[in-house]
């Protein structure tokens, strides 16, 4: 565990729940707004959990929006547990989509390190 | 960024998503419960993001509940980006409703300053 | 208020909103994943707010999942305000389900003490 949290270091945007076709684009827009508002010193990540990870494959992934995120330095990370549950290989993810082993552990550690949290 | 977070200074209640007719009154009740429970030393804010801001105009705003919030010292803040998307002028907001330029930036900065976060 | 937050001490999983039959099992799975991922040094709690508390009575409570939580050292806590609104006595709760007077106050205090927050 982190003994020296550094507040102000980042923001993690958490997307999960039903109807991801509606909230995933909103999560991406929100993250882009956040990066513009908070400036270069702040890291911004989107963590996608649950069946929504199926929208992040190369076949389904919204390539233009993923490119916008990349250009803004925003990481988009799929939950490894959710990928396994959905039967999706990491290799099937769209270019630029990363992974974390478990969304929940990542979200907790980021906050312990002083990051802010926001649920879409 | 804030170098001296002061934990325990406040709570920000974040309301967004579909069906705001259902969750906006719940957000107000929750904020009132919070103010009663946490006592005078704790600041409580409600940040409203997305199409829900249309419920905060003078024409639509639930005046009685807004008065209850004001009496309890609870700020209710509409997201400026959401107002622009909804084509609503700040001047159309009900008395007592404030604004922040971008909900996401405000939510991040509050947490970096040591405030707790809760998503309705 | 807490003057000495100890980051890394815990994670509080907040469950509220419509359709709890869908999200309550997900909250329990997520909490179990969190406990496994974060290890023994991290406390994990689930706080259930709103009409969902009706799913935590002895008559309705999913006994097998509650036993899994207990075995993993995860607390599950019903909001006292929500119990009152639903007309449920604390004595009607399933074995192993605890209570907090108000979910919102508990969630704020946990975060002021350095706990991470996650909304299901």
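A, B and C label the chains in the order they appear, each numbered from 1.
Just so it is clear, a contact is a pair of C-beta atoms (placed from the backbone, for glycine too) under 8 Å apart; a residue touches a chain by one contact, two chains touch by 3 or more.
Since we're looking at a predicted model, the values are computed, not measured.
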State the superposition rotation angle between the two copies chain A and chain B, fitting on C-alpha atoms only and giving a multiple of 5 degrees from 0 to 180.
-> 120
Chain copies touching (chain B, chain C) - same or different residues, decided at half shared | different
Chain centre separation in whole Å, for chain C relative to chain B (CA means) = 24
On chain A, where are the residues touching two or more other chains?
-> 114, 117, 119
Contacts from chain A onto chain B in the complex sit at residues 7-9, 11, 13, 22-23, 26, 30-31, 33-34, 37-38, 41-42, 114, 116-120
Going by the contact rule at the top, pick out the chain C residues touching chain B in the complex.
-> 1-3, 5, 14, 16-18, 50, 81, 101-102, 104-105, 107-114, 117, 119
